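As C-alpha cells, here come the structures.
Look at the two complexes coming up: chain A is in both, with chain B in one and chain C in the other.
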Partner chain A sequence: MVTSQDIREILATNEVLAPVAEQIGDDDSLFDRGLDSFGSVQLMLALEERFGIEFPDEFLTRKSFASIAAIRETVATVLHPQAA
Partner chain B sequence: MSTLAQRAQRAATIAALHADAVDRDGRFPLEAVTALKAERLLGLQIPSQLGGEGAGLREIADLCCTLGQACSSAAMVFAMHHIKVASLVAHGLDSAWHCHLMERIAQEQLLVASSTTEAGIGGDLRTSFCAVETTGGVFALGKDASVISYGTQADLILATARRHPEAAGSDQVLVALFADQVSLERKSVWDTLGMRGTCSDGFRLEARDIPVEQILPKPFAEIAAQSMLASSHLLWSSVWFGIANSAVDRARTFVQAEARRQPGQVPPTALRLAEVSNALQAMRAAIVSALRRYEDAQGDVDTIGSIGFSVIMNNLKTTASEMAVDIVQRALSIVGLAGYKNGTPFSLGRPLRDVLSAPLMIGNDRILANTAKLLLVQKGGGQLMSA
Partner chain C sequence: MDSTFSPRADSRAAEIFDEAPDGVPSFLDRLFDQGLLVRTGVDGLYGRSGAFESVVDALERLISRLGAADGAEVMRFPPGMSRPAFERSGYLKGFPNLAGTIHSFCGNEAEHAELLACVEARSDWTGHQQATDIVLTPAACYPLYPAAAARGRLPEEGGLFDLQSYCFRREPSLEPTRMQLFRMREYVRMGSPEQVLAFRESWLARGTEMIRSLLLPLAIDVANDPFFGRAGRMLANNQRQQNLKFELNVPVNSVEKPTACLSFNYHQDHFGTTWNLRQADGSVAHTACVGFGLERITLALLRHHGLDLAAWPDAVRTTLWG
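Moving on to the complex of A and B:
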C-alpha cells in the first residue's frame, strides 16, 4: 500500500519541492510548484529505489508524476499490475 | 491558386536575390520577409476557422528547407516565427485573447519574435530571472533579453518570465507583447560570424500596463515540453538541412563540371561527393523520422510529454546540427579554393559561417547534459519501425 505520506516524504528530499512538500495537496500540480524535468527524473529515481520497482517507458510521462495522487496511482499500478 | 511549394519558391527567389547584401551588411532580410507576407506564409499554421490554413509542421519544415537554400537568415527568421506560432496554436485555443491574436497574425501577417534567453541564464529555456508583476488587471515586465532575433522588426514578442516575483525560476509563463507595448533599449549588437541577418541584438525589454489576458494561461513548462522544444528542434534542423543541401548542390555541380572536362574518367572528387551525399541522406532521414514521430503524437499529450519523446527530439538537434556542419565542410573540401573564395558560383563561405551557429543555438553540450539526465530513467528496447 502506497500512502500520500510516503510520497510526501520522497518529495521532501527533492531540492525544489523540499520547502513546500508538507503543504502540497494530493491533487496539486507538482509542476506548478516548480518541479522541472530534472526534478521529475530525480523523483522517478527516488521512487524506483524506495519501492524497489522500475517504471516502464510508457509510465515516464508528465502525467504519471503530475501530482501526489497521480504518483500514488502510478506506483500502485507498477507494484500490482493485475489489480489495475 | 498556386501550390504551397510555388508560393515558397517565389519567396525563396526573392530571398536569394538579396542574400549577399543581408549577410554583408548584417541587415534584416526585409525583402524576403515582405515576400513571405505577400505570399501569406506567416499565418499558415493557424487553424482555418481563425483565418489561417491549418498547415502542419511538416509543411512548415519543407518551407524552412526551401528558404534555407536561398538565404539562411531569412529561413531562420521564418522558422523562429513559426516555432512561436506553433506554441500559440497548441496552447492558445482556449483563450479568447489568443484566438483573436491568431486571427490578427493570419489577417495582418504579423511577424512574431521570441525572447527566452536572458543575461546570466543563457540557453536554459526553463529558467527565468525576470518576473511578471501583476497589479489588478495589468502587469509589468522588465527583462535583460540578451538575444532577440529581429527584435526591432517584429510585430509581436513572446517572452518567458517567472509567474510572479516570488515564483521559482522554473515556474514560468509566456507573455505576448505587441511592438507598441514594449520599449527595447539596445544593449548589444549582433555582429557575428554567421546568421548575420537574424539581427539578434541584445536588449533591455520593458513593458508596462499590459492586460493580464496577454499571459498564456498554460504554464510555460507545458508549452516547452509539448510544443516549443520539439518544434524548435524540427524547424531549426530543417533550415540547417536546407543549408547543407545547397552546399552539396554546389559540390555536385563542381564535380559534374570536372567530369565533363575529362570524358571517360571519374574525377577523384566524385568519391567524396558520394560520401557527402550519403551523409546528407542520413541527415534527411533523421529529420523526416522525427517529424513523423511529432505528427503521429499530435493530440497525444502523454506521448509528447514522455521522456522517450524528449530524448528523440534532443538527439535530433545535436545530430542534425553536427551533421550540417560536417556536410558543409565536406562540400568545401570537394570544391576547394573555388568554394573558399567569395563571389564564385561555388562559394561556401557563407553557408559555412551560417551553419556554425547550429551547434551553439542552445549549446549541444547543454542539450546532451539534459538528455543524460533523462536517460537515467529511460528503459529503452523497442522495434525498428516503432522506436
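Moving on to the complex of A and C:
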C-alpha cells in the first residue's frame, strides 16, 4: 500500500518542496507550497519511477498531483485499477 | 465568447474548402504561382512579394491603431537572442524540438581545409561548428523579459510593450501557415494579476473585432502550447485547465484544423519569477501577451478574399488601407 510517508520521501527529492516536505499535511495544496507546473511534471516522473507505473493520459493533470492525499489516490488507482 | 464558427461563415468556409480534386494545385502552389510567396527549396522558408508585404504592413498599422491609446513602449529586437537568456527562460523544458541555435565555424586552418573537403564530398561538414552565444528568437517576447527586469521594479501602473520580430520554430511543413521563420507582433503587459488579466480581456475583445472587420470567420478557443513529449502532455493539460492560453482561430488550410492567427497568453508569474521581475511594491510581476501571426492573418485574407488584393471586398480594403 502507498503511504503518505512514501509520498513525502519523494517530495523531499523535489527542489522546491524538499525543505518543507516533512511539514506538508496530507491535504495541503502542493501548489500553495511553491510547486510549479514543471515541478509537478518532475514529481509525476519521480512517482512513476518509484512505483514502476505509467500514469495514463487522463491522470496527467494538476489535480492528480495537487496534494499528498490526491497523489496517494492517483497512484493507488493506477496500481490497483479494479479497486477504483 | 464564440466557441464555434458562425453558421454564415461556416457555409462560406465550406465553399472555399471544397475538397480539391487531384491535380488541382494546393493553396501553397497557388501562392507560389501567383508570386505572393517565393520558393527557397526548404518547406516553411519562403520569400514574400511586395503585394504580400503590403498586407503585412497594413496589418501592422491596424494593430498599432488598435493599441494606440494604451501608449505601449515600442521595442524591436533582432531575430536572435542571447543564449544564456534563452537557457534561463525555460524554453528548452517545453520545446527542445522547436528551438534553433546558431552555430559557427570555430576551427583552425587545417580544419577549414577539412570542412571544404567535406562540402566537396557532400559529407557532413558541420563537425567543427560550435554553438555561438546566439539562438534564434522563439517568440517575440522572449528577449523582452530580461531587458525589462534589468531596469529594476516596474512603475506603479506596470509595464506595457509593443514588439515585433521574426521568430523561428523548427517544424517543416507544407501548410503555408506553418512557416519556420515568420513574424509575430506582440503587446506584452507586466504588473499585478488583475492588471495583466484585464489586458488580456481587452485584447480578446479587440482582436475579435479586428478579425471581424476583415470579414474573416473566427472562433476563440482554449488552447495549449505544443509542449514536447509525455511530460509535455501534462504541461498542456495544466495550461488548458487553468485557461492560460486562448487562440483566435480562422480556417485557412481546412475547417477541421483552423489556424491560430492570434494568441492570448497569461504566463502567471513564470517570467516574473524566472527573471526576478518585480512590481512597484516588490512582489513578483505577472505577465501576459497577445501575439498576432502576421503571415497567418495575411494568408487567411488571401484564402478567404482571393489572391488578387485589388478584388478584395471594399470593407476589407478600407480597414487595411483607409
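The definition used in the following text is that the second predicted complex is superposed on the first by the 84 of 84 C-alpha atoms of A that agree within 3 Å, B and C clash if a C-alpha of one lies under 4 Å from a C-alpha of the other, contacts with A are read in each partner's own complex, and residues count from 1 in each chain.
The definition used in the following text is that a contact is a pair of C-beta atoms (placed from the backbone, for glycine too) under 8 Å apart; a residue touches a chain by one contact, two chains touch by 3 or more.
Since the structure is predicted, the reported quantities are computational estimates derived from the model, not experimental observations.
Visitor: Looking at A:P56, would you say it contacts chain B, chain C, both, or neither? Reply first, second, both or neither.
Guide: In the superposition, A:P56 touches chain B alone.
Visitor: Of chain B and chain C, which one touches more of chain A's residues?
Guide: B
Visitor: Please work out whether A:F31 is in contact with chain B alone, chain C alone, both, or neither, and reply first, second, both or neither.
Guide: In the superposition, A:F31 contacts chain B only.
Visitor: Taking the superposition as given, does A:V16 touch the first partner, chain B, the second, chain C, both, or neither?
Guide: A:V16: touches chain B, not chain C.
Visitor: Could you give the residue numbers on chain A that contact chain B in one complex and chain C in the other?
Guide: Correct list for chain A: 36-38, 41, 44-45, 57, 60-63.
Visitor: Would you tell me which residues of chain C are touching chain A in their complex?
Guide: Residues of chain C touching chain A: 90, 93, 230-231, 233-235, 237-239, 241-242, 270, 273.
Visitor: Could you list, by residue number, the parts of chain A that touch chain B in their complex?
Guide: 16, 29, 31-38, 41, 44-45, 48, 54-58, 60-63
Visitor: Which residues of chain A touch chain C in their complex?
Guide: 36-38, 40-41, 44-45, 57, 60-63
Visitor: Which part of chain B faces chain A closely enough to touch in the complex?
Guide: Those residues of chain B that touch chain A are 126, 167-171, 219, 221-222, 225, 301-303, 305-308, 310, 370, 373-374, 376-381.
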